[in-house]
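Each chain carries a letter (A, B, C, D, E and F) given by its place in the written order, and its residues are counted from 1.
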Amino acid sequence: MACLPPSVHRLIELALEEDLGRGDVTSEALIPPDREAVGEVLVKARGVIAGLEVAAAVFRAVDPTLAWEALARDGEAVSPGQVVARVSGRARSILAAERTALNFLQRLSGIATLTARYVEALRGTRARLTDTRKTTPGWRYLEKMAVRAGGGHSHRLDLAGGILIKDNHLALSGNDIPAAIRAVREQAPHTLRVEVEVTSLAGVEAALAAGAEVILLDNMSLEEMRRAVALVSGRALLEASGGITLETVRAVAETGVDLISSGAITHSATALDLSLEIR
Amino acid sequence: MACLPPSVHRLIELALEEDLGRGDVTSEALIPPDREAVGEVLVKARGVIAGLEVAAAVFRAVDPTLAWEALARDGEAVSPGQVVARVSGRARSILAAERTALNFLQRLSGIATLTARYVEALRGTRARLTDTRKTTPGWRYLEKMAVRAGGGHSHRLDLAGGILIKDNHLALSGNDIPAAIRAVREQAPHTLRVEVEVTSLAGVEAALAAGAEVILLDNMSLEEMRRAVALVSGRALLEASGGITLETVRAVAETGVDLISSGAITHSATALDLSLEIR
Amino acid sequence: MACLPPSVHRLIELALEEDLGRGDVTSEALIPPDREAVGEVLVKARGVIAGLEVAAAVFRAVDPTLAWEALARDGEAVSPGQVVARVSGRARSILAAERTALNFLQRLSGIATLTARYVEALRGTRARLTDTRKTTPGWRYLEKMAVRAGGGHSHRLDLAGGILIKDNHLALSGNDIPAAIRAVREQAPHTLRVEVEVTSLAGVEAALAAGAEVILLDNMSLEEMRRAVALVSGRALLEASGGITLETVRAVAETGVDLISSGAITHSATALDLSLEIR
Amino acid sequence: MACLPPSVHRLIELALEEDLGRGDVTSEALIPPDREAVGEVLVKARGVIAGLEVAAAVFRAVDPTLAWEALARDGEAVSPGQVVARVSGRARSILAAERTALNFLQRLSGIATLTARYVEALRGTRARLTDTRKTTPGWRYLEKMAVRAGGGHSHRLDLAGGILIKDNHLALSGNDIPAAIRAVREQAPHTLRVEVEVTSLAGVEAALAAGAEVILLDNMSLEEMRRAVALVSGRALLEASGGITLETVRAVAETGVDLISSGAITHSATALDLSLEIR
Amino acid sequence: MACLPPSVHRLIELALEEDLGRGDVTSEALIPPDREAVGEVLVKARGVIAGLEVAAAVFRAVDPTLAWEALARDGEAVSPGQVVARVSGRARSILAAERTALNFLQRLSGIATLTARYVEALRGTRARLTDTRKTTPGWRYLEKMAVRAGGGHSHRLDLAGGILIKDNHLALSGNDIPAAIRAVREQAPHTLRVEVEVTSLAGVEAALAAGAEVILLDNMSLEEMRRAVALVSGRALLEASGGITLETVRAVAETGVDLISSGAITHSATALDLSLEIR
Amino acid sequence: MACLPPSVHRLIELALEEDLGRGDVTSEALIPPDREAVGEVLVKARGVIAGLEVAAAVFRAVDPTLAWEALARDGEAVSPGQVVARVSGRARSILAAERTALNFLQRLSGIATLTARYVEALRGTRARLTDTRKTTPGWRYLEKMAVRAGGGHSHRLDLAGGILIKDNHLALSGNDIPAAIRAVREQAPHTLRVEVEVTSLAGVEAALAAGAEVILLDNMSLEEMRRAVALVSGRALLEASGGITLETVRAVAETGVDLISSGAITHSATALDLSLEIR
């Protein structure tokens, strides 16, 4: 969506308040209020850019008279030396917003970049890479957006965006898998699929028999995953999950699973190096 | 501070709304509302814990009737298998808050853990490790808290928490270093020190002569830093900055600088692995 | 969920501010601040109660020292003269919160009551009654909760809680049904089912062939619906929608459709008559 | 006022967040971001339109680049087939805002429409129709605006916008009517009139003697109301209240009362049928 | 009201964030987190105390475990050396909240104190002292509360809490006084009185004839006010306004006016000297 | 900074809601919605203007179509009869915003005016006038801005914008001055200076010896201050504080101190008289 939801604007407001809420004592003492400048967002490492709309919104929130021009699109591969955006107007406003805008852009681009490496590793397999709910609190919308910019897909967006029956649900409710599936089918929106987490092939069989539409294979070995794929044979989607790394992701995909979910692409991405250069 | 500032409570509210705002369709369908449970926060990798107060605040925000018991303190080194906190009460509430609480705790502990590794590398030198303003937007207070939990120190907390004259300030104001220092001294609060960023020994001399209390050595070689230390000879604090890694940080410290700042400890920390186990 | 999400607390805050933000000039002039009272929420018309948690939250938000005792549960059928809750404490606080608490309770109970009448009309058929997104702005969570209290079910909770391809999507994208289904399958979360709106039996066939998991029959005649049921024969869920009234809902259900959605149960429910009596 | 108060903008923000906060998975998968469209708000039932400014604000909040043109004014009688507004710009933005804008407009127009029917029934009498505080929580300002659009009047806007002494105030304070009027006159702002609720002619006499400027006749018979009118003879305003319906409202007015208040026009109005058609 | 409206809690949140949002670097470095203390709010100048509930709310907002005991009530005359409240618990929390709590209390007590001096000057006359809308933005509710604590009364609480027709309204609408009164009577809530601002005796006559319930005498001489009192002779309330000082207020009251409004009691009150002493 | 931080916009929102949240019943009844007007902000007393940006933001927040033209700059000395700003557009919008805009401007200009009188009294001395943390809660940023407009300087902006060791810190921590300075130096950001409050010359000596960069002389006599100046002889900054008035401030400055802080310039400034005249 071209337009960011209200919660993202609230996060931007929090971010500006925490850095700028008492003013910028250095710039206010040195730079005349009417001095103009042009800043360029410069890429300093290879990667995939994401978050340009958010960066633009940060500059606009600081000073609506700043002009912003994007020179790249989210999801685009970028290289050192490339300028991905240009902002012009009052110099004080540009300096005031600089760090916050870059902090958004570096983190989101870092996620897109790491995602793209996983996706590249999957090339030619049938597996789709998905994120998880292991996102930075307050950043769910943005980080899932960055994963998609990197070529990944969204798993459920929140606790109401999918049904996922885990061990704890069974233990705390006293249900077995068939009873649990019946209960959620009876109560939950028909617009959602039912996914069940299992840890064994017996679990896969039980879930499939009970009508699970997606089965999450939790920390299974490659061999178990292959057998699960053969067993299910297309009657449900299979998701591999648990400790999958950039080194192991292709082997997992080659078992034939449909989905591979990774918490690391959001919770352990590192920033993409970017800077703002005043011209 | 034992008590978190209002902005952190607003971030927690954003985080709960984004995950729980439409309810938890799975748990609501399966777990009776009066079912009770006990959850334990379990460490799964070596590191330093940080953010326990925030995690507690998340559980309380979801359900004020939950009981929380911390079994460790922020800044404590932890090992796999260690339980750092216990939460008990309504099972649905625990499951609803689980992911958000862990997401806070994993990120903050990741930062504390990485910081502690840098600090360990500095042991025996005079250098203090500091963070930067390269923090996750909305998380400034928390990430600086985590850095301190890991044994690091805070650089300026926001744009008003210190004076830092950079190249852009000089270029945009047309001042040289002495004029810039006079201008900020004339206008800025007397409670703040003046720090000046320089890129050469000539800059060091100019800043020192003009009365800078802290001098930031931007991307200097080890040799230049050593000469700067000799030149300044205790008359100002010297801060090394720019691309310093865990591999290089000790060599930098051994030049005799007072401060080493690192953006990586906040923008490129990875999550510490933790989970919540239902007993 | 026993605990209301942050957005509901924000709505309660808006509601209290709009009524109480300048104080209660009458009570403050007349009632001593330490006068105590007991109030009872009295039912004055047959119906189904919903919103008791919200009413409790309103009283608590006005004055945390008030004691609230629920004497019924959401979803319970109630009759005139029945007391469904009791609140005690400072008289001024009870009067200050009274109107806002009742306004929440009357509207939500009105929705539950109307829903229950539709559900009663469906008794013995296979059809599930669902709501729509035609809810009062700001009240989405609460009104969907009230529909469930009345025995109905939730359709998608928001624009991200289900995929629903409508005419406008086809027209604006230039896709036919199979292309549209492929596109959403390619991009949208795997946790969501694909529902397609059709207006003819040809549309039903196309959607089914293209893999739609739910087909929305928009404003079809009873005869067309019966033929759609026969045609699909369980291979997808069928949802009837469009102008269905309490008078026609059973006949629609008897065509064999799986789901009947009604905007009227939220946008055109009238308040259930309740009052607060001071004892 | 042409400009909506901040609380209405906060309600709009809540409304957009609840529907759009996680994005619009269907439109984002299908409609290119730069596709343009024109939407028309089409009337599908006779009524009175209200809320056009709010609908405009919803579209603007989603996307400030959308162009909105109102083709009717609040308070105007409208007929099926009539287009009351046109919005143009990015297709995704229009679809994203559509439901929320319509939900506001349908509810407010429903209230204006029902109010207009009551007002029509009063034509030629001296009685003014007023609303009550029985409004949808969070919607006080908007629903009172819609009542005025329908030809009704506002009763007190909040607990500080008028003095209204009810039975509970007398009972809890131990005052009789004269003592209560003295107490509120002594303390409350001189800018407010004093209204007293009574249930008998004796109450009317007591209130009048004690200087009440408005007397609320609670659930009186037509005969009692006529006698109250004769008794008061213009020395105070008389307000009829309690269970007045569209069927009985004219007979009540013909007793000669000055004011008739109705909770039903806000709490039991049903939506006016409107849709947004893409051209 | 014992309970503060939501907007006051939002102001408290703003106030805490602006002082405490980055922590308290001095106390955190020096005072152990578990150190306990007792603080006493000490009066250092004669005056009238106001705002004790707000101060309590500030301490509670910083740390809910602090214990607060009020030793005086709002509106009470206080003397140097008097302790008006005691707070105990974590020393860091007390120090963190101290300044904000005192800032509220000093300003509100300053207003109550100045108001009480005006009220004292009016003793024995029939005139009531009222405030105006010239209050500190964000503080309307609190400052009007402080005026009442000082023995004054509230004028209209906001732009909807009374009708006040001024010169600008007549000029911009082209109405004379009778037409303006008819227009507001026709449209505004019946719960509000009509007040008209006049600058001459002719204006008084016109307003009275047209049915004004309150007449504001703007910047009239004492002689004119006396003649206005004689002319009106109790048929409307008369309010004196404009540049009235503590020196002139009694003479104004002795003209026989009913109301004297003063902007100075809110916009030009000075702080009452208070401190917090750690025992 | 040309741009106000988010917290100021939140304060403006609170201020508009409290005055305008239920509408403006008088203007809405009298002034046609499309009537245009021009208003001028007129100075009625000598002083220094401050807050023009905030006033502009208030008008824009009420109605973005209003045009604002500043005819003076913050910090400018103004005289009765001078027009400092002009606003034009919809008459209703101008009247709706008038009072709130003036309330901001009158208070901030009152602070700038009082500050300027203190600064004038210091002319020719070396002393800098600073504010304190005794600001109106919610107004910290704005009041410190007004002090600077009046020629004063900011003391620490919040509890994290400077280190200030007071008696309570020593008493509650059990540290003497040297230990306290070591502790804060060890933990607090290196960007902040250390200031120590003392009450005697012995304290001055201790603080100086321990490395304090600023020493606050609390309620010392002029003679003591002179001796402190001689003693320190430029090795630290000296701040005079405690009950300094306009009458005594010059004598204090003539002792040779570097800084004089005054709570009165914020907590006891009175409003500058301004009005808005409709042309």
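By definition in this document, a contact is a pair of C-beta atoms (placed from the backbone, for glycine too) under 8 Å apart; a residue touches a chain by one contact, two chains touch by 3 or more.
Just so it is clear, the structure is predicted and the values come from calculations on it, not from any experiment.
Using the contact threshold fixed earlier, the set of chains in contact with both subunit D and subunit F is A, B, C, E. Shared numbers divided by all numbers used gives the overlap of an interface; between subunit A and subunit D this overlap falls below half, so the copies present different residues. Distance from the centre of subunit E peaks at A, each centre being the average of the chain's Cα atoms.
Note: centroid distance subunit C to subunit D, computed from Cα atoms, is 22 Å. Annotation: 51 Å between the Cα-based centres of subunit A and subunit E. Separating the CA-averaged centres of subunit B and subunit F is a span of 31 Å.
Residue positions of subunit F with contacts to 2 or more other chains are 7, 17-18, 20-24, 27-28, 96, 140-141, 157-158, 160-161, 163-164, 187-189, 192. If the chains shown are joined wherever they touch, the resulting network links each chain directly to all the rest. By the touch rule above, subunit A contacts subunit C in their complex via residues 128, 130, 148, 153-157, 160-164, 187-193, 195, 214, 237, 239, 258-259. The part of subunit D that touches subunit A in the complex is made up of residues 13, 16-17, 20-24, 27-28, 33, 61-63, 90, 92-93, 96. On the side of subunit B, the complex with subunit A involves touching residues 7, 10-12, 14-15, 17-32, 35, 37, 91, 95-96, 99-100, 102-104, 106-107, 110, 133-141, 158-161, 163-166, 168-169, 171-173, 175, 180, 183-184, 186-189, 192, 263-264, 267-268, 270-271, 278. Contact residues on subunit A toward subunit D in their complex (touch as defined above): 1-3, 5-7, 140-141, 157-158, 161. If you check the complex, the residues on subunit B that touch subunit D are 17-18, 21-22.
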